[in-house]
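Next up: the structures, one after another.
Shared chain: chain A. Partners: chain B in the first complex, chain C in the second.
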Partner chain A sequence: MTRAMNVVPPRGGRILLAMLPFVLIAIIYVIGSAERRAANPDDKLLPPISEMAATTKRLAAEPDRRSGEYVLWVDTAASLRRLALGLGIAAAVGLAIGLTIGLLPVAGAGFGTLFAVLSMIPPMAVLPILFIVFGLGELSKVMLIIIGVTPTLIRDLSLEVSAMPREQLIKAQTLGASTWQVAIRVVLPQIMPRLLKCLRLMIGPAFLFLISAEAIASDVGLGYRIFLVRRYLSMDVILPYVVWITLLAFLLDLALVYIGRRAFPWAFVQEPR
Partner chain B sequence: MSALSFRNVWVEYGNQVVLERINLEIASGTFLSVVGPSGAGKSTFLRLILGQERPAQGAVLLDGEPFPAEPGPDRGIVFQRYSVFPHLTVLGNVLIGYEFAERKFSARLFGSARREAIEKSRALIDAVGLGPHADKYPSALSGGMQQRLAIAQALAKQPRVLLLDEPFGALDPGTRAQMHALIKPLWRDLKMTIVMVTHDIKEAFGLATRLIALDKTRRDPQAPERYGANITYDLDLTRDSAVPVLGFLRAQVEAQQ
Partner chain C sequence: MATLKNLLTAVCTACLLAAVSPTSPALAAKKKEFNIAWTIYVGWMPWPYAAEAGIVKKWADKYGITINVTQINDYVESINQYTAGKFDGVTVTNMDALTIPAAGGVDTTAVIMGDYSNGNDGVVLKKGKTLADIKGQKINLVELSVSHYLLARGLSTVKLDEKDIKTVNTSDADIVAAAKSPDTTAIVTWNPQLLEVKAEPGASLVFDSSKIPGEIQDLLVLNSETLKDNPEIAKALTGIWYETIALMKDSGEKGKAAREAMAKLSGTDLAGFETQLKTTHMYYAPKDGADFMTGAELPRIMDLVRSFCFEHNLLGENVKSKDAVGIQTPTSTLGSATNVKLRFDPSFMKLAADGKL
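The block that comes next holds the complex of A and B.
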């Protein structure tokens, strides 16, 4: 008898198995929705899929009656812009500081503890400060993402740098490299794959901060929209938006994996699957 | 010219004495093997030359001059593992030495300077027998090939002293024999001074022109850390006599006179 841990699904079966839970969830939803509709034709909690499709079509393909904008796309563009700015700046800052702290013992001794403490500040707690200091515009939302994501990146990347084999750093020095040259030619390329992995993990928190900031003060954005229509119990808007946000996050994750494998093939040689 | 001198060198970590009273003159062009039991300070000895370690007393001199207490391009090294950069191809690993030297800020070469450096790198890669693998990443190479690459990388800087820290310890016997056949002619042709730390006595005798053994000569059972290791054997392996000349005996006699 083969042990359960040794049973490997064939290639086609793998895709089928991956689809199965999604199909199950869809079936359960459809049944639940139909039951509630049968009991109460005005039910708003579980709108049928047809109604959600109609709403999505209205939001995505028809201009808004008041503003004349295609709401879904305007919201998506605004949110993705904030997210990209926030994650991009956080990655650059995290990379620079994390590398410095990890490579230079003086910088590590001086700032390591500072960032360990800073990373413990709940970003949502400083959101009011951001609104006060940076106003209610784009800057405060981008800043919230930066403040939420950067400390984690700094800590993880500096640990990654200090975990590099000492032999490599010594070897580089015996090849005549200066500190700067070691940083840009030896350390930086080797922590880039780690940065991408880290960013993948931070997509979730970044969306959390983005949607929170949009919910509290904004006039456009995915988070703004779902919190706006919440007042009218418009589940037919909220549910497609949640699916859309999830899909965006998932695609972002896939894109980061793809970039990592294309740009740093040496880092994925030993990885299974 | 690349003679090494140890002048009454002591190395201590806090209370623990690792090496004591090391007096040694290594002539230019020597292939020196360092053997000894684990914990006898072989790696510390190597780190002294590398500049990673400072003596608590005494001095280590390269051609009669003290050198900065950090690794530098005049002293190359091959470690047992992690000597090559995993993010660069074989060619890139050798090329980077030239790039470090010629471009202080970008550490990258372009155009004709790059072509020239590539030519030099390829010659080195061919010399260690990695010619057909120049575009592979180190993870695609076997252990022996990685060590060949590490040697080619170190040779690019034409170091005055090449340090080998158990370089063939992780290789299978066949590959090890190939590496021995590789290193000996390289040493002869390039006229380097080589210091090799090894656990393999056969290798130590087979390759070197001189062999020293490090061990503790004094022991205090109550405080084992009080005494460090010293040179217990110093054998000249170049003589054709069946019994190697005990160089350290001669030195002791001279010291007593």
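The block that comes next holds the complex of A and C.
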């Protein structure tokens, strides 16, 4: 008998298996929605899919009655801008500090513990401080993402650097490399794939911080819209937005994978497709 | 392969069953146990105190039912839970009763007119001394809430429009922190946060709900079907309410002890609670509450409220007129008579006034 771990679905079967849970969820939703609608034709909790499609069309393709904007796109652009700024700055800072701490024993001794402690602070707990220090504008939203994501990046990258084989660093030195050259020519290229992997894992938390910041004080953005219409239980807006955010995060993840495989093919040799 | 198929079928069936059963809305019928949700607000603090002091149990026993009084941390969430059918009744303002359960098709009846905000909601400017100075400013508030309504009403008194300002949706939990931020210049909020915001250096209160008396009402609402099948729940709740607020009003030691307990339950002290009580117009006598409901003011106020709600799409995105959701007061019916979803029923307050509970 074949062991369970050796049963590999054929290509078509794999796609089918991947779709199955989605189809199941959809079926459960449709039944639940129909059930609630039968009891109360104005029910807002589980709107039928046709209604969500109509709302999505209105949000995406028709200008808003009051502001004249295409709500979905304006929200998406604002949120993606904040997310890109936050993740971009966090990646740059995380890379610079992580590399320094991992490579230089003096920096490691001086700041390693600090960042280990900082990474334990729940960012949401310091929100009132963020507001007072950075105000309520764009800055505080981007800062929340940076504060939430950077410490983890620093810790992970510094650990990755200190786990690099000593022989490599010694060899570079015997070939006459300075500390700077080792950092730029030996260490940096090797931790770039790790940075991309880390960023992939941080997309979820980054979205979490973004939506939280937008929920608390904002006038545009995906999180803003969700928390605004939550006041009157417009699930026909909330559910498509959730799907849209999930899709955006998924695409972002795919993009990072693609960049990683294109830029650093050597790092993915061991990984199955 | 056959076993896999069987397994899949079993899983599907289980999922479907699990999905269908808990989503069914609470079906109306004769029942013995009732769930009421409340949130922290000065005018609603009698509810937890009544539960603590045994007044809830006393009246529930009298009518042979069980009443669970549950605190929900988040106000909007409590109304959403009620709308979803998890609670039979909830403490809510007149505007939110219209926009959340009533617009969501849940027929809702207000049985107790508890109070109206008489200064508990206010507009605070950090730069400027009069409401007219608000022009061109960015205003932090909970959008689409009673704060937004208050702001809209205020703007109309100084011939300004919502186009003349910019609103920033800010959570009520964070509005005090937001007010301390240097780039925040204007805030609309309610108590207890309003007390904090007002106390900021240089801040001035330029408009408050005492200028629109009676328009922001704090109600106890029940699901109309549950009420129809079980009128005793409304009788018990009305009994609890007036016994408790009589204690709250009492100027002697007993009253002070009750207010102190309510203050503690709402996270403030006696002085803070009494400050908030001063800006709350309580209907201590059941007759006054009933008279307000049967008066000519209520339809006028509800018309203002529903117009605001319709203009801000709060009745639903596809609603074509403010008449879509019917509102029934004892004197008249506003909007669709065939789709009445919000009712004001003074009969239980009248029973209390006549001592017939």
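The criterion applied here is as follows: the second predicted complex is superposed on the first by the 273 of 273 C-alpha atoms of A that agree within 3 Å, B and C clash if a C-alpha of one lies under 4 Å from a C-alpha of the other, contacts with A are read in each partner's own complex, and residues count from 1 in each chain.
Throughout what follows, contacts are C-beta pairs under 8 Å (C-beta built on N, C-alpha and C of every residue); 3 or more make two chains touch, one makes a residue touch a chain.
None of these values were measured; they are calculated from a predicted model.
Touch counts on chain A: comparing chain C and chain B, the chain ahead is C.
When the shared chain is aligned, chain C comes close enough to touch A:Gly137, but chain B does not. Look at A:Asp42: by the touch rule set out above, it reaches chain C but stays clear of chain B. By the touch criterion defined above, A:Glu69 reaches neither chain B nor chain C.
When the shared chain is aligned, chain C comes close enough to touch A:Leu127, but chain B does not.
Within the complex formed with chain A, the chain C residues making contact are 12, 15-16, 19-20, 23-25, 76, 80, 83-84, 99-100, 103-106, 140, 142-145, 166-171, 173-174, 177-178, 180-184, 313-314, 316-318, 341.
The residues of chain B lying in touch with chain A in their complex are 50, 52, 70-73, 75-77, 79, 81-88, 96-97, 99-101, 104-108, 137-140, 150, 153-154, 156-157, 159.
Chain A contributes residues 165, 167-168, 170-178, 180-181, 184-186, 189-190, 264-267, 269-270 to its touches with chain B in the complex. Of all the residues in chain A, the ones that touch chain C in their complex are 24, 27-29, 31-32, 35-36, 39-46, 54-55, 58, 65, 127-128, 131-132, 135-137, 215-219, 224, 227-228, 230-234, 236-237.
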